[in-house]
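Paired with chain B in one complex and with chain C in the other, chain A is shared by the two complexes that follow.
Moving on, here comes the complex of A and B:
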């Protein structure tokens, strides 16, 4: 416990040493560092963190990364390249005009950096920063609110329908090694607005770095937000992200997420369906090879009647990979006619891989349709034999079946520009992936 | 040299002996029917020949074209021309039929030292063979056997056989569960494939199949052994008397 309290003071000291902001942003940061101080890092005694081995993280001190990091061409080449899209690139968490392209912004779309929003006392930032996400219950979200100096603020005016997505890229330079990066995304979609958002995380830090992003997403009635999330951090990274979404009457929220990078990658998503007709769809694929750990915690809360949610998360594990899927569906007493389904399927390609699957239902209404299912298993032996009996080698048959398993999720990516990268990452964890030069 | 020579084959599943000394010789150009009641070992025989890992060969030998077949992996047997038409074809969600067949065909061509078929030649081949078994082209694009009716699955087996052109086709109860129209189509496919250098082993429960595919030899398999072999008249005799007589002999 001493080590933990020591850690807390280290983060508090770093906070006190940082530049002060003015007004409400400073107040919220103060509240957040206090929230972190009072809770500390999560421990394995906490149910939601019981599989998370954070000792190596908490024993190291990650101070905010200094300015001046540069990216290699190889990293820049991996940026999601979407024609006609507004693109915000953050290097080590700071807005980079050099790689960003705001020219494509159309009427009804306002995009700016969080630093600028703080300076301008922006209405959206005031409404959402630290107000959608609850820092009291999430240590890493609290750290983000306390330390975030920049981020993406995306405001879509009512009735604005955007054809091209807004692309937000958080890239870490080598300078991020040994440091912490706090990416932040605030998104607001006005009534009847429709927007797609891409969140890409990548980096070239060669040593451990703490990346703790927070996204706060607020929809208004009948709006549609579709987010493509792609976490492909460099291997030594700790990625602990949190996303919080509020979906009111007749609004639609879709998330497609891929976790392919980081030694420890966890993303917590909480979505509240707050009005009748709210519709939520979340599909995710996590890859865990080597000794990597991949984790999704989802909380879907049906607050009022007639809302619908669907989730499909799949994991492919090899080597000594470990994964957690923890999915809570909460149906409040007044949430009659809720229609909710959740599936989690895990494929173990190695005897040492370990997948934890924990679907949870809390239902207080009596007229609802809730279905959930969870599997952890190996490839279907009958299917393997079937393929081999047609002359396909064992390794190739395994790769083909694994690809088919994962492609169920990869086939529905919200942003196709990232599909080749996601596919390459999948193939790289498969034995005998060479057969799959052009699956349909 | 016979194409297939099975000598005193014994095989077990989870310690229980199912095949208790099978002897069978199949020459090129021949059609053999193996008939037997449920539990006689018919499907075990087909799976042992195709190389399923779940069966343990406890004794005996199988020579295929003079080679020790039991020493080969399932995929190597397939590449040498052994084809198993499954009694229960497996559904493989997410893998398109055409993709699957292309992978299989090219694995075999590679084994024979032939170049891979290009997309145009491949499509031409599968269209032609699909026509042969009256297979709806829409089924080619769908995932392997996923959502197929029983008849469509069996037809897909014959279609795959037509594309892969095996030397030895083992059809495990391909006729079971088919209505008469589907049975005709499947039989026409098999008959069209009959040739002087290809052999068939038809494993069936019903004599009906042999009204459509005329066998050269019929074997009655009961209790893990071939109790009697003969010409097609043996099948007719079975139709009249049933398996009871053979079961008594076996006991």
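Moving on, here comes the complex of A and C:
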């Protein structure tokens, strides 16, 4: 207990030592640090954090990363390269004009950094910053709101349909080692607007770093937002992300997420379906090899009637990997005619890997269609036999089937430009993955 | 008003509870309150050996330090454990069945529980009336008032008696197994039970014996302001098999009464235990006043190779049910099964499910849970399937289906799956639905009345579980379900 209270004051001290902002941003930061101080880091006694081993994280003090980090060419090489896209690159959480490309901005799309938005007293930031995601329920989101100095603010005007996606890249330099980075994304899609967003996380820090991103996404009626999320942090990192999305009447939200990096990688996604006709689709793949821990917590809340949600999350575990999928579907009392579906499949490839799967349903309305399914297992012996009986060697057959299991999710990636990287990461964790050539 | 909404209204209306009477009998009971003195009194009353008292006191000390659990998805006012009387028993303790107070026998008659061995025998003599023999241990408030067929079972070496007698007559067995499956400090209510349990049933099936008849325990709460804390221990030696039934009722009272039981099952090599429950505690009135808090810990240990434990439960009663009959599959090739139908209506709440812990190789488990929620009823399925690294080729299949009747009820599903062996195959499926207008229309179109149609659909929904119940029980369960849902349907 002592360690925790000591830890709290360290973060408070860092907060007090940081530069002050003016007006409402400062107010919200103050509220957030208070919220963090009152809750502290989550403990394993909390249901949502019972598998998360955060002791090492709480014992180390992660202060905000100093300025001036440089990226190596190898890291820049990995940036999602999408032709015609607006690109915002953040190095150690700070906007980097050098790697960014804002030229492709089209009418109806306003993209700027959060630091600029604070200075300008931007309406979108005022409406959304710390307002969509509440700090009370998530310690790391509270830290982010308290410490975020920069981030991406994307505003899509009503009736704007964008062909190319907006690419947001958060890259950590070597300087991030031992420090904390707080990436922030604010996205608003006006009514009838359509936008795709890519969120890529990567880094070259050689020691532990805390990366705690928060995304606040607000859709208006009949808008469409599709997000490609790709977390491929460097191995020693702690990545604890939170995303909150509000989907009103007839709006469509799709998320495709891949967790391939960080020793400890967790992403919490909460989506509220707040109007009839709201539609949500989430697909994810998590890879856990070595001693890596990969965790998805999703909460889908059907607040009003006639909404639809679908989720498919797949996990591949090898070595001593550990994974958690915790998916809650909540159907409120008046949310009649809800149609909700959730599927979680895990493939265990090693006797030391550990998969936790908690698909949950909480239903208060009677005229609904809700189903969830969950499986954990190894490769189907029949399928393996089938391939071997056709002259394919055991190792090849195994690699082929595992690849097929995971590729199912990779096939539906929202941003194909990241697909080769995701596929390479998949092959690198598969036993016998080197036997397969990545298909074009 | 559409047909189904009419049905809903009727279903959510007032229900009858035919076991709600109080038996007026002279009783002695402890004043409310829980302390070391209470535990010493209970132990002394039962003339228990020193080790038993120590065991209880240790449990009490553990309980005093435990926080009240609040993770279950149920809502109730905090229980005042000092306002409960921990011991209540009829004043005249009978020495044998013949001496049992006639008023008690009359009560069991009214409940339909056979307390006379000769009644059965008469049944055999009577033309055509063939009832299978069932040995009964009747637990009335804190004590067992009689056990039938003891002598006949003893011929085969089977011990079937109350827990108090077992502590006196078979201390070596009790000492060896008590608390091995559910440790004293396993959880809050198990610790409370370990400290103050007053009676329960004890079953021991020797090596290679198949129990020739169904064994059953009938729990009845009668006194007000009391809790019932019974403890059941069933041991099946190598190759033994037994089918055990449990039933329970209580009078209608405006207060909430606590029932915190612990059941432990031990199955050695090739043993087979089938444990069936029809739980029909008083559920409270139509406004949610009164009813039993049923907080129970049930766990079976498949200690031996190829052993098998099956839990079957039909839960229609109790204001709040909080129970997770579990199987620890330790022996290689052991099998755990869980079949459950839970009904919540009125203001009933249930948080129930199972745990399957796979430790041995080739262990298999099946979970079939059906939940029906009507009125303001709220229920949750909460289940854990854990496969440890030693459990090579473990296999689990879980299916939980919920049916919602009415728009004010709720159904939740919280399965937990922790798998740590690549050979494990685990599947979980859950669905939530309601009786559709189409199904009702189809039945009515073929001349089946609305009431029958609902009954038909509900029974079809529960069929997978009912067919696992012992014959007699299945009929009772089916009737109970009809009474529960139907007395107001049409």
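Quick note on the criterion: the second predicted complex is superposed on the first by the 436 of 440 C-alpha atoms of A that agree within 3 Å, B and C clash if a C-alpha of one lies under 4 Å from a C-alpha of the other, contacts with A are read in each partner's own complex, and residues count from 1 in each chain.
One rule holds for everything that comes next: a residue touches a chain if its C-beta (ideal position, glycine included) is under 8 Å from a C-beta of that chain, and two chains touch if they have at least 3 such contacts.
None of these values were measured; they are calculated from a predicted model.
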Joint occupancy of chain A by chain B and chain C, clash or fit: fit
First, second, both or neither for A:53, with chain B first and chain C second: neither
Chain B versus chain C as contact partner of A:376, first or second or both or neither: second
Which superposed partner A:405 touches (first chain B, second chain C, both, neither): first
Contacts of A:44 with chain B and chain C, given as first, second, both or neither: neither
Touching partner for A:391 - first (chain B), second (chain C), both, neither: first
Vertex chain A, arms to chain B and chain C (CA centres, degrees, nearest 10): 70
Chain B versus chain C as contact partner of A:361, first or second or both or neither: second
Where chain B and chain C come nearest after superposition, their Cα distance in Å: 11
Touching residues on chain C, where the partner in the complex is chain A: 71, 73, 387, 389, 402, 404-434
Chain A - residues contacting chain B, complex: 380-383, 385-394, 396-397, 400-401, 403-405, 407-408, 435, 439-440
Touch list for chain A against partner chain C, complex: 47, 333, 336, 346, 348-378
Complex contacts: residues of chain B adjacent to chain A: 50-54, 73-75, 77-79, 83-84, 86, 89-96, 98-101, 103-105, 107-108, 111, 143, 160, 164
